[in-house]
Amino acid sequence: MSFRRRGEVLNSPSIQGGSNPRVGGPQAVPQRGVLPNRPGTHRAIPGQQRVAVPNPLNPVKIGPQHIQKPPESTSDQYAHRIGVMPSLVTSEPTVSTGCSDLDKVLLHKGLPIGKSILVEETGSTDFASVLVKCFASQGIIHNRISGDQKQSHVIVLGLPHSWANELPGLYKGSTKEQKKAKIESNESKISVDNLADSTSARNENNMKIAWRYGLSKNNETSKVTEEENNKNYQHQFDITSRLIPSPSQHEISFVPVSNVHNFSVIIAQLDEIIRRQIKQSPSIRIRIAIPNFLTPLLYHPSCSSPTFIFPFISSLRTLLRNYSNNLVLMTSISSDLYPSESLIGACLLSLFDSVVKLQPFNEEMTQLIEKAYKSEPSKIQHGLLHVLKIPTLSDRGMMMVRQSEYAFKNGRKKFEIEEWSIPVEDDANENDAQTTKSVEF
Amino acid sequence: MTSVQKHYLTLFNDNSIIPESVLESEHPYLSIVSHNIGTSPFWLSNSLIENGLIGTASAINKDLSPRSTQDTNVVFISFLNNEDFYVSNSKKSGIDLSINSNFKFIDLFSDLFSNRLKDPKNASRDVETMFDEVKKIIHDCQHKKRIVFIESPEFLLSSTNLTPNQLVKHLFEINKFCNLLVVISAQDSPQFVNTMAYEHSDPSFKITDFLLKLYHRSNININMQPLPTGRAKDITGCLTVTKGSRPFEIPGLRVYEKEYMYHIGKELGIDIYMR
Amino acid sequence: MTKLKMSSSSAASKCCFIKPKKMVDNSLILFNRIIGLKENTPFILILDGFFQSSYHLLNEIASKNNSTKILYLSYETLRKPHYADFFIEALDTPVKTLLAKVTDFAKPLNEKKEKLVIVVDSMNYIQSEDLVFFISNIARPNVYLIGVYHTDLMQYQSPNLYYPSEIKLLSYIANSVMEVSPLPENNIDEELLDYKFSRLEYPVSSSINAEKFRLTLTSKRKSGRCITFRYVVDTKSHEYQVLRKQDEKNTDEQELLEDLTTFNLNTSLKQKLAKEQVELPFMEAQENLGSYGGAIVYEFEKDDDYDEEDPYEDPF
């Protein structure tokens, strides 16, 4: 469930109609249309997302295989909170980190609300920032799904406002698929003109499908809500694209850290933003992103002192606990500057709820892997991912450390994490394969 | 693994976890529960709390019977977690801490830096005020038998300018008000414990000094750490029980020194094996 | 930092039987006289460590001096020990105030010419600059100071750069120094203890912090001589045995080789010395290579047979 097929619809602004029963007016009619003859449709029409007008043209697939029957209480609990699902292991409300594979590695299918994750990275690479950007983008996408109530807010610590323009947009499929999608969107534009006429027809159509799947109209709504929540839970991001339109100040806040020597100033600012957001919308999820924590480019040298770092992180932990229904935190830090074998690393490990460490391959290893996967360049991994701590489970005393069990690779369409196995150099097989091929010819 | 027998955990030769004689003794005793960050002692502290409050420890020893009178106060002081963490997870292990009037939680985590220690660089005075408050709470406990847990006191050493001697002093003073003080401390080496450290202001120097001073007067030590060989599916870690520098001054009572392996299941079920 | 010294030899207790009886008696008498406070030793320093606490030794000394008044200066003990007559909590008290308190107890006894033992449970808590002041001011006729010092605590560098370290200072001042360490046991060697100590962990062993331990006594005589004896002290049965330094290494080997054959397999001291001085060839090779100790050094020579086909035969 946590993997998305390429063909799956990623963003569907039409949810506003069905999923949120409080939305009145013209949305009273179910807006979902099933277009089974349109495989691989992708629609993230910029600009329309935040508008509360329903868009019946964005199709949502209803697949019976997706429909689960959760206990009544959970569906109520999660129905109005887009992008929140119960954790797979502890049933805590959980949000996606913006990277489906990381969600899987964390076992909860994401980060439980009220918890924090630290991404450490060795070497001079900056893969961790990709994760932090996806984390932020995911928050903004969640917010754009529904314009009715503010769903999500992102707070970025330390970086300038221009960082918002660097956030990745949704993955729209391969170039081929994108072309297809364009044609389809053109087609659907034509049908916009006929919207008024087709509404009743679409409704009927909808009923047919419901009938076909044995769904009565009454309980359809709740099930569909669940299903849509599934769909809106995690998205796939294309790191070469940009989030369009770029996040506004209603969606993302920036808290500066330069020239700040006192941690309490930062905490006070964060607290103020959080309070304001929660006042506006009590069920809001706020994502705090701290990319490149403690980087000397942004932070004053005095911030490297334990009397800054630990009180600061401890205060962040306090914020997370105090707003345990709203807050999640992702931080990245360079292990070269602050090694995990040092006191700072250990203290961070004890203060964060989950910690993963990225260890990009060195040059030799990279060459070896490139050689091994000569024929399949898509398989080339970029480094190892070590899991040091898992939210909730580690705190309960379970042993969650997994050293060198996962490898990661960062591609255009997603940041992938898979089980690590040492690649085998099979030159001989390759030759064999070639000969058999030539024989067939 | 069929031949390996599950064991019930006992800490003393009289098959108890926290003996009644310790709680009745005049002497204040000290226990150190040390662990690595990878092996949180949450389950053990929960069992110790349960044993202290009602005499049982359902997760680790089913042989123990509840005490006839519940006349022990348990105070839990934490620098890393809030009350909710312990109380909400306690129900699973058989005792509901939220309704037990003999249990007190002192939260030194939630407002530690926002209220109590506003200036970590110059915190000695504030720390003293904070511990005075703690001592008062312990002192005002209803029952004479008292067990105090303190989780991660060493965090004060790494996050403020507090010296090891000052912290030792506060802990000793707390110890005076209770029969048993259990200090729960992370002891990862070389991050926290580094006997080769030489810089006085280096937190690892301070933490090592602090722990060594505690060890010189502890009565029972429990150490938990992951397997040296790494993660295993059926073993979470090793647990070692050893006597401390000073014996219990109770005739006939000895620490049952042993090494165990333990495993924590999904629903917090704990299996303990002899090593 | 002073680490515990522990020999890997076993059967420590056997040693005493090998030595002539007279020697044993002399050193035992000295030990008995010192812990019975019958020698003129105004300051006895007890050195203990992570694996062997001085707790049992203090109890033993106290039980030997039943009738003597004992003043316990406590830095880390919370309740008055059963043997102490007076108890002063010293933690966080300035040395001057402390000395005044001590004097209050000591003066009346002093006037009556009565003996007083002052036990300091850990001198580590006294700042190194104050140590000499503290000791010299506490000293008076008929007062015996027994100071415990933990050798393995972290060392604070004095602000005066060349001021001697605390342990050196105390050993210099003390009239007798007793160092306690656990008895060696089969499954535990020095390397393991060093490793365990570096992580502040205890191995499971009956010899750690036990009632029976090893004690090294260094006593400074009036003549200026300084003598060292080793003992095995059992505080449970109150038995002491002597352990002599040379014995530890030799007994093992000698015992093993005795009666095996009709040949003499033992080495004399002279032979041993000669053996140790032989320089082995690989030592030199290692020096050439710098720090690669233990590495297999192979240099290719023209007569060596090298098979290029064999993948396992790669000298480089």
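When the chains are written out, they are named A, B and C in that same order, and each has its own residue count from 1.
Everything that follows uses one rule, which is that a residue touches a chain if its C-beta (ideal position, glycine included) is under 8 Å from a C-beta of that chain, and two chains touch if they have at least 3 such contacts.
The chain lineup, named per UniProt: A = Elongator complex protein 4; B = Piso0_000171 protein; C = Elongator complex protein 5.
Bear in mind that the values here come from a model prediction, so they are computed numbers and not experimental data.
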item: Farthest-lying chain, centroid of Cα atoms versus that of chain C (Elongator complex protein 5); value: A
item: Central subunit by CA centre of mass proxy; value: B
item: Between chain B (Piso0_000171 protein) and chain A (Elongator complex protein 4), distance of the C-alpha-averaged centres to the nearest whole Å; value: 38
item: For chain B (Piso0_000171 protein) paired with chain C (Elongator complex protein 5), centre-to-centre distance based on mean C-alpha positions, whole Å; value: 31
item: Intercentroid distance (Cα basis), chain C (Elongator complex protein 5) paired with chain A (Elongator complex protein 4), Å; value: 61
item: Per-residue overlap in chain B (Piso0_000171 protein), given as positions that touch at least 2 other chains; value: 190
item: Partner chain B (Piso0_000171 protein), residues of chain C (Elongator complex protein 5) touching it in the complex; value: 1, 50, 53, 55, 76-79, 82, 91-92, 122, 124-125, 150, 152-157, 197-206, 208-209
item: Touching residues on chain A (Elongator complex protein 4), where the partner in the complex is chain B (Piso0_000171 protein); value: 89, 263-264, 267, 306-308, 310-311, 314-315, 317-318, 321-322, 324, 341-343, 345-347, 349-351, 388-389, 394-403
item: Chain C (Elongator complex protein 5)-facing residues of chain B (Piso0_000171 protein), complex; value: 26-28, 34, 164-165, 168-169, 172, 175-176, 187, 189-190, 193, 195-198, 200, 205, 208-209, 211-213, 215-217, 221, 223, 240-247, 249, 257-259
item: Partner chain A (Elongator complex protein 4), residues of chain B (Piso0_000171 protein) touching it in the complex; value: 37-44, 80-82, 84-85, 89, 109-114, 117-118, 120-121, 152, 155, 158-161, 186, 188, 190-192, 202-204, 226, 230-232, 235-237, 264, 266, 268
